[in-house]
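Each of the two complexes below includes chain A, the first together with chain B, the second together with chain C.
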Partner chain A sequence: MTREELTEPDAGSAVSSGAVHRPALRALLAAVLRVLAPIALALIVGGLALELLGKDPLAYYGFVLERGLLRFGGLEETVTRMAPLLLIASGLIVAFRAGLWNLGSDGQFLLAAVTAAALAPALSGALPRALVLLIALLAGALVGALWSLLPALLKARFGLNEIITTLMMSFLGVSLSNVLIKLVLRDPSTTVPQTQSLPVEERLPRLFHTTVHSGLLIALVAVIGVHFVMTRTAFGLRLQVLGANRDAAVHAGLEVGRLIVAAFTVSAALIGLGGAVEVLGVWGTVRADWNPAYGSLVVPLVFLARLNGYAVIALTLFFSALMTGGESAARRVGVPQHYVLVLVALVLLFLALIEYLDRRRPARAQTVMGSLA
Partner chain B sequence: MGADLHPAAAQPAVASVRQVSKRFPGVLALERVSLELYAGETHILLGENGAGKSTLVSLLAGMQQPDEGEIWLRGQAARLTSPRRARDLGIGVVYQQLLLVPSLTVLENLMLGGPWWRPLRRAAALERLERLSGLLGTQLDPQARVGALSLGEQQHVEIIRALWREETLLLLDEPTSMLTPQGVADLRRMLDGLKARGTALVLITHKLPEAFAFGDRISVLRQGRLAGGIEPARLAAMSDEERTNTVLELMFGGEVGASGGERARVIAERERVAGHALHQTRKRAADARPLLSVKGVSTSGNRGEMTLKAVTLELGAGEVLGIAGVDGNGQKHLAEVIAGQRPARAGQIEVAGVDVTRGRVPQRRRAGVRYVTDERLGEGTVGPLSVATNLVLKEIGAAPLWRHGITDWGRVHAQAREQIATHDIRTPSERTPVARLSGGNIQKVLLARELDAAARVVVLNKPTYGLDLKNQQLALERIVSAAARGLALIVISTELEELLEVSDRIAVLYQGRLAGIVDNGAEAERRIGLLMTGAAAA
Partner chain C sequence: MSALFTHSFLIALIAGAVTAGVPLLLAGLGEQISEKAGVLNIGIEGMMLLGAYAGFVATYATGSFGLGFLSGGIGGALAALPVLVLCIRLGLNQIVIGIAVTVGMQGLTALLHYFEFSREYPRLPAAPVWVLPGLGQIPVLGKALFSHNALVYASVALVGLLIWVFRETNIGLDLEAAGQKPAALDAAGVDVLRTRGAAVLATGFLSGLGGAYLSIVGAGIFVPFMTGGAGYIGIVLAMLARGRPIWVLLGAMLFGMSLALTTALQLAGIDVPTDVVQMLPFVVVMVVLAAVARHSMLPPALGLPYARGER
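Moving on, here comes the complex of A and B:
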């Protein structure tokens, strides 16, 4: 986890003088550049690879851009995809800021999705739609949180490495979801094992006569809410202290164990909410063996955004567009759909590279400060 | 400046720094500095913080390269392009901050740095460790985890590591700052041994008596330039007072205005009389009721940590209790158990007659207990967070800076600006990450945070460690003025001189027990010395 990405409000405060303002602006510019440069480099190198394969990179990128963002239908799909990604991202921001590696998002996400998929059709009819959806969403969040409780307690009580425990719990969660679908929740009227489907008119309401469902609003509120909590509240600051220097947290008298559990449950609840939103907004059901494995996409994305909520929104839009456009391009330009993952991988590679080069510079600057002290 | 101060000596220099300059953005850290380092000679580098001493060391250590000038080793121009290269050329360094891997054992730390293909040879390393620790007069458990050792013991490991390959030039950046008087004596014996074997030594220190005791030759840096020096023959011929005056003249003499001279005078005063003054200048509070009472407190800890065993002490308002003792005799546990950071296994702690034994840090803080830790960056501050945030680190969530859990950053920053002004914290802004500040200024941040208006009982662990003379003096003055305000203070230090300067009474910790408490006065030093060695413990 990098250190300099801790956020405290700097620019925009009424007291900041002109002298302070200019470096703040430059820092902002540098931050934007650090995000854009890896993307640009990835697109160039990815394009060269396409060229070598005998495909026209410009045509491919043009197609991705057109289908992913410029066409209304494509834009709708892109924006719809953002909802679960944003919720997972907001959950990960909470954990990562607290210095906790919640890598169990897939299990938390899927179990929550199954919970929502089981509850909503069962309750619909008996209760009003709004109440059904609310219960299903909350149940999803709750199940996600519960699934993180064991790693959280083990970490808080015994200092057990949460990377391992959350990953293990994730495998268990994914398997348990499948077991539940195949053995308990299976809809007998379908051939493929899946949960009973929630009718389209019972799902999350659409926004303004588009195909985009209101889960996007929940996701945006979550991301911005998390950003606010992290930068403007005592709870967020405590988590940052914990994440940046655990010894200092102990020294300052923070209740480290409770903070760990709180960060984990909030993180997993948001991720679970993402699973519930995806089911209640898009699919209406969960099929056996369905696992979008968003975690592996969102974890690096969150770091690319340097744990900043607004940057996460922009990057999620970018990645969603890439995925939507990439799927269309697969059919038309003949580049496999998974080529998008190659681009994502390249972005991460260049991100790491630029991070490394960038780190070397301040490291030298720091020894400078040290030797002057 | 920059002319070679040392006339051609009989023997050639082991290393010479020739007209070296080093620039950093906005600062000229070194400007055409020339030095000659001779075999079998201890060369003392003196200067205020920021004078360029550490930069010079980092050039010799291969951490940085000079912008201009050359470094010659054994008659050849050498390019010290990396720390590894410097080591290969026989330059060993003991840095001021510890550079050990805390999760590895002593032996493993020492075996680091060999070529990757060579298998680790434990037996040989063990033997070498034993020989070197014999030379140093220290006893280290080779299998102890370094993180579990006290700071002083960790420094022993550092020194041993710097000598690991029979280095012919040894640089020591304030090596004594964590050592006990006994440790300093041991170090001196060891350095004398090394000198006799022809090692060239460079030693940075802030303590003038130590400089005179250790040094054969003194060079003084001021604002990146060589202000001058004292050659061996001259140094030997001078009395300590003449030496002090000469050095202070070189360190501060050229400064314009009265402040430089005044500062030099204050420091000279302190050096000469070695204290006894500060604590006597204030009145003792008449209140007989103890503000802090520790009754039979014991602690438990991990392997390698010295725990407390039935420690009992009382402290009244306006009183300064010094805690002396060789490092690693339970000082850290004492500080932590009073601060509430470590639970007491047995015993009772009362603040103003109220039992706070079960309360943790927040409850203790509400009772007025404060703790200035010696691990300023380790646990005292959060490096990447701003100075302002670090100033309120222990008050997160409390009114009026937080309302309903929401941070009023405007107020946090405004309060920080006030504190920065009153406590003379040198920082570009209250938003600067605290890790960018110098050690002295980080200590000012801690003192500002802990010596607030609501403080009643303050524990200070090594409050002057790693600071230069000016900041040491400042920290001690803050302690005395806090006592004058009616606070009860516990000052833990391995610098006896410093304790004699500020304390009313001095307690000695030996093997986790309170060996005794001595009233500060004429005989104090000798009696404390006896207690520290455990002679009077029984």
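Moving on, here comes the complex of A and C:
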């Protein structure tokens, strides 16, 4: 499995060939190349498509880079955006490593965001700020977890395909969020339906003198924590066994049903935390029909990172910059930000192709994609 | 409540159910063909979107609805090509590629629409309606069921055709074998990959056709992301129908009706936010899935690539 290559590089093949002095470094380089190659290929092919549509790809990429990473304001925005993406990614890592397709992140994220947006303004004033924020964050995580419970139970009890059930719950969650905002939580003083706004000074504290909020720290802790738990603890190992081979997990005496529910709960709770952090850190409110649909971005990102937490951090920075820069470019260069979706799809295609070429080499037995089949 | 049962309400509800149900029917039938052959085609949302855009552009440019449907089908089949090459031929993960197809087509159609129309959403003239002779004169039902675009009747006829193909023909048997026991099909001298490839192209064509109906007949405009999960409902319909086309038809009408309920209720003077009604089909799906969860609904080889001589 590729994740093992990342943590325990292929010492076996290096020993047998005998020619390589530093197998760890070589394996790391190979792993980095396997992440960078799909991105580079996607940027090239996407650039050709832009050329065909009559836009200068180099100017576009240059603009995105400048606005997304090089300008201080853009960098702040990029780093701020990393918080929800990282939390969603850490949730997905848990599910994917356990071999479970949690494709319902959008619904889990949004319902949790609405929950936090409803609770925080209602409680603020009555309770100290830290407590309000803590309650809102936990409530968001809880609602996210609850929204995954039905797919988890159906999978655990009856083996019902979780791809379909999580997707259905996601659509349901998105609509339910809108219903809640429009019918229940609506702030009467605004024209566009939205929840009551949390004042800026009541939101998550900002880091140093930037606009980046402390949710980023929560997210970084979550990603690294998940990586540690999945690779270094018994619970993580159980989930990995479940993901690698369900029959083997049963034979090993693991309580598969309980593990499935646990993996889903943790996964969706982290995603829900992402929704809460985004609301409490950035917006302070949720507008009707707001749906960033981060899932379609983060799912490919997590694959690309081969479910590795550190790789996720680096890739999240890249994708955030792409989104921040892409939004500016939509206004200035005239390339809609939907172009990012095309890039993401191309990354996925090239990623799958490169894994295919990799698999044809005899030394590589299995891949992330293979283990998730 | 008496307003609920007026003629105009019933006509709006049933006719709306047909209009909303036809894209689901076509997508569901398409997905059923793939699933029968052992391919979990999760990218049909993207195929529908390219079909919707291609169909819209063709009709907008030429004024011909027939050409629009044809382009929609071809667009859908084109969007299915990555699945054909990468999943069937190379054996790559069907879910990863399916996600890529959907995400890519969402981005591509939004991009193409922007470059062609900027921020405008031109409207097509109303699609031609074919009132069935005799049946069209029945009160209420005539207007509700028998005054539709020709593609509606063709889609229903397709249900009959597929029932026959699945049950009576070698093509149907080959498809079934490709999903149940591909090695046996291979041993019988039929190319598994070609069978599955043809199934995937048929899925793409039908999904694209459904998308085209959605944009040029159902809505009359193209809006990026307009399928809004219709492809996924198609997948669910195919799962629940367990290989039988008639159940896809019934399911599509049920979902179509829950989608049409908003408009019909508004006609009856009851104002419900669309979001409430949009939840209905998904609630129905979850309830049905939970109710029949015990029974296995999918072919054993679903989602697994076939490579000769493996295992």
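In this section, the second predicted complex is superposed on the first by the 339 of 373 C-alpha atoms of A that agree within 3 Å, B and C clash if a C-alpha of one lies under 4 Å from a C-alpha of the other, contacts with A are read in each partner's own complex, and residues count from 1 in each chain.
Note that a contact is a pair of C-beta atoms (placed from the backbone, for glycine too) under 8 Å apart; a residue touches a chain by one contact, two chains touch by 3 or more.
Treat the numbers as computed from the prediction; the structure is a model and nothing was measured.
Chemist: Quick check on the superposed pair: does A:L150 touch chain B, chain C, both, or neither? Answer first, second, both or neither.
Modeler: Once the two structures are laid over each other on A, A:L150 reaches chain C alone.
Chemist: With the two complexes superposed on chain A, say which partner A:W101 touches: chain B (first), chain C (second), both, or neither.
Modeler: A:W101 sits against chain C, while chain B stays out of touch.
Chemist: Looking at the overlay, what does A:A31 touch: chain B (first), chain C (second), both, or neither?
Modeler: After superposition on chain A, A:A31 lies in contact with neither partner.
Chemist: Taking the superposition as given, does A:L207 touch the first partner, chain B, the second, chain C, both, or neither?
Modeler: So A:L207 meets neither chain B nor chain C here.
Chemist: Going by the contact rule set out at the top, does A:L217 touch chain B (first), chain C (second), both, or neither?
Modeler: After superposition on chain A, A:L217 lies in contact with neither partner.
Chemist: Given the touch rule stated above, what does A:L348 touch, chain B (first), chain C (second), both, or neither?
Modeler: A:L348 contacts chain C only, not chain B.
Chemist: So, does A:F171 touch the first partner chain B, the second partner chain C, both, or neither?
Modeler: Only chain C; A:F171 stays clear of chain B.
Chemist: Using the touch criterion from the header, give the chain among chain B and chain C with more contacted residues in chain A.
Modeler: The partner making contact with more of chain A's residues is C.
Chemist: Overlap of the chain B and chain C footprints on chain A, residue-wise?
Modeler: On chain A, the overlap between the chain B and chain C contacts is residues 369-370, 372-373.
Chemist: Using the touch rule from the top, collect the residues of chain A that touch chain C in their complex.
Modeler: Within the complex, chain A contacts chain C at residues 53-54, 101, 103, 150, 154, 157-161, 163-165, 167-169, 171-172, 175-176, 178-179, 182-183, 296, 299-300, 303, 335-336, 338-346, 348-349, 351-353, 355-356, 369-370, 372-373.
Chemist: Help me check something: in the complex, which residues belonging to chain B touch chain A?
Modeler: Its residues touching chain A are 24-25, 27, 29, 49-50, 54-55, 57-58, 63-64, 340-341, 360-362, 364-365, 371, 373, 375, 378-386, 388-389, 393-394, 396-397, 402, 405-407, 409-410, 413-414, 429, 431, 433, 435-439.
Chemist: Which positions of chain A touch chain B when the two form their complex?
Modeler: Touching chain B: residues 3-4, 6, 8-10, 13-15, 20, 232-235, 237-238, 240-241, 244-245, 247-248, 250-254, 365-373 of chain A.
Chemist: Could you pull out which chain C residues touch chain A in their complex?
Modeler: Listed in rising order, the residues are 42, 82, 86, 90-93, 95-97, 99-108, 110-111, 114-115, 224, 229, 232, 235-236, 239, 273, 275-276, 278-279, 282-283, 285-286, 289-290, 293-294, 296, 298, 303-304.
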